[in-house]
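Heads up: the structure comes next, in structure tokens.
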């Protein structure tokens, strides 16, 4: 699968698709997008690895070599991934386990195609869940004073497992700029509000205070500025005056589960292209 | 119909419903709400004016006299309205006419039970529409320098028509504090974002810039602080990276129509109770 | 908490609320509904058991005695439940575990206030999950020939645990009329379509075949006629031509979880009144 | 703009996009879809007519000649439309005018890019609306006995105005097979239910009777079998036990407006491909 973006120019699709054709790719899905303001072109192409109906076998190595000059010529950012590859994911959580439990259940049923070798938490609540699914659990307590050490331990864990994606499943600690920069576009968080409304702590309390009629949740890539990273997915639910803060919290759990799991799935399926502070999601 | 709120205390429902029963009211709908934090009780009761099945006729005047001592005793804010009464509404608009056209169409088909004697605008675009529906149209140009005079003219128009509700249907001028205070809880506005996100001007541009995945619209009572009044209704629509600002504007029009017309209908049906900076909507 | 319905007549609310007041109840929430066609009145009242702010203690036994003559006089169907009581629930499932896993997780976090003493299945897949949550698991295989015996075993299990609610969480066997009649209004099922569209087997295939643009799920009480019982909750999700049957199945799992868990929660909180083939849900 | 579908084969995208490139097209948007079951490939390509940034001018005539052999070779169904062309649309309605009023308002504001030379109705209610927008209104009464004559008159009107699309905006008469076959894929209807639930007459009554928790509306191409044509768009709204049939009717009007106007817009923008009894909608 090829995920790419580059400055728009005439003949782009023709050149890329002709090259794929010549290399024997049988395209299953292709999606393009052109941002008029930026003059940027985005494309996702998915093709069958082995030729359907007796077509020729597709050679990923060879394609990469042939594709390289074209990509350079077009000033392309690109990632080529094999659907055979399973991304290594680490789940970070604290005491609220609904998102972790949901991700694990979806992973278990095959909805999320990835490896989850480790769960990291600053609390012990998720340990039984990790054990149930046969996943290593590491307890890394964090205090403001010990954050640097804690992150050093976390880096060691992530390195040991070859982690390519960190999912903050209601992890209640703020990551350092150092952490964020180590994993550019590889950390997904869920915020329990409809961003940019109600950034920061206790968004359900803020929503209740403002008297909104819908609450929301947002999954996004983590950048140095808290709650400001590129948004991947959002959803909302209707509430009424009958709902107290605790009702918002309960309703919100369903939203958080859904927006986080969608973001993780789309990332795993190479459907997301970041550009500026936004995302293109090829669904 | 009775709309009321007061400090919560035991026996409230019993006292009010017994009084209604003794006065011969046949309750059609009743809805209550209790805000636990504030200890405030809210109620809406709707009853048949003439006794169904040969029951006694209900006398609104007499009820008011009997109800008065109870209301005082319970420290009640209350409004008693007859469903025979039709609220006098003025529509304010500028150049975008989708909300005005929608409200007029709903009024014409009987969905909005009210009188609309006048449309006021700082542009002339709505004039043919007003004429089509046989409604007086008044052109009141506004500049920063002439706002005071313009509002004086508007007050005269509103007074002449006995206006009880002003609907800002994409009226692009900010009302003075004086105007707002003259019509407390009687001015409804539609803001083209999911408040409190994207307050101020050009919210669709701001939403596009932030890369949100849903856009929204909000109807609210107007208070002195712009975009901060009690929210009545909100709704959202899904967008994607394919949508440019002009697509958001087009999608948003449908949201604006829906949230504004609902707010107006609920207000006309005495379904909305304001308290603090929030609303209880008895639907 | 009192859940009741009876033929509508004047003074109903006054009589019930006065009686509650005299017995010292401090009403927290009350909701009423009147069906105009049937002339039937529905009410749900929730009150604090112990007097708030030093008010008198509420005596449920005594209330029942006092309420009895009133209920007879008004030809009332009524249930009086104490919020201290925790309903005994049995989960039935087959091989798809997403609904069971979801219900258990919600139960574990306290969102569903009930006892779940037993999980019954015609397959063994749910056994580890049951063990994880410390719940008894009983494997009851069913074939068309052995259904009667299997149900006899199931009845014994349900009796042994004092089961008051049976939740069919994607249980792929049809219950006999005998079973259904033993638990009137006490069996909740989830059907993976927007009923009444696509009744019967393989609704996602049928939806794909018809080319619908939204798929749905429905939770309902089970009656003798398959997929025809009173609907409790429904929800839908948008799909597109890009979605194959397996995508519908995946999207649908989220809907099934949500509509089933809501139905179970509302039932546990005595929010549902059945009448004819419909439900009133006091949310 | 090119809208096409053909049996899937390797190299399709490469061949089409190379041809477009060679003819000087600057692709703005392209969307593809492949139906795995049918092995059918669908594509929509939109390009700038005049070369951006001083690129060469695109010649539609010449492209057609060059494209013809390729299309034959690939067994393609295709339509080539110029965005300069404005489709001629006739609106058919009866007594409910909310859909007609909505379409006219959207047309007036430029949201629907088309010509609307005529409104045809079996009643006179829409006449003032037609006059307001300066559109010819033709009153064609229909009775079961006179349907053939009425349709003959309608054909004459449609021919006289070069009508390419007939929109049934709550037109309460069933068209003959003859009519339907004269305009294959050129008649769009709105049905006021979530099809395939509640086909036939009085769907809101049926929905109320069944006790559903959501109501819906569906826009679709008209085929010989009533309510069975390819679905273009659907939407739903939440209702509750408080809603009587007349509330469903009112809520439903908003749904009808939205699903019908979307269908018309997508048709006008050549975004819809019919295949079998389904549609691919490239949004």
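Side notes on the structure shown:
Note that the chains are named A, B, C and D in the order they appear, and that numbering of residues resets to 1 at the start of each chain.
Basically, a contact is a pair of C-beta atoms (placed from the backbone, for glycine too) under 8 Å apart; a residue touches a chain by one contact, two chains touch by 3 or more.
Just so it is clear, the structure is predicted and the values come from calculations on it, not from any experiment.
Among the other chains, the CA centroid farthest from that of chain C is the one of D.
Per-chain CA centroids place chain A at a distance of 37 Å from chain D. Note on chain placement: the centre of chain C and the centre of chain D lie 42 Å apart, centres being C-alpha means. Shared contact sites, meaning residues of chain D that touch two or more other chains, fall at 29, 33, 242. Shown here, the protein chains touch in all possible pairs.
Within the complex, the chain A residues that touch chain C are 29, 97-98, 101-102, 105, 109, 111, 128, 132, 242, 250, 253-254, 258, 283. Chain D makes touch with chain A in their complex at residues 10-15, 17-18, 20-21, 24-34, 55, 238.
Residues 33, 35-37, 42, 194-198, 210-214, 216, 230-236, 240-242, 244, 276-281 of chain C are the ones that touch chain D when the two sit in their complex.
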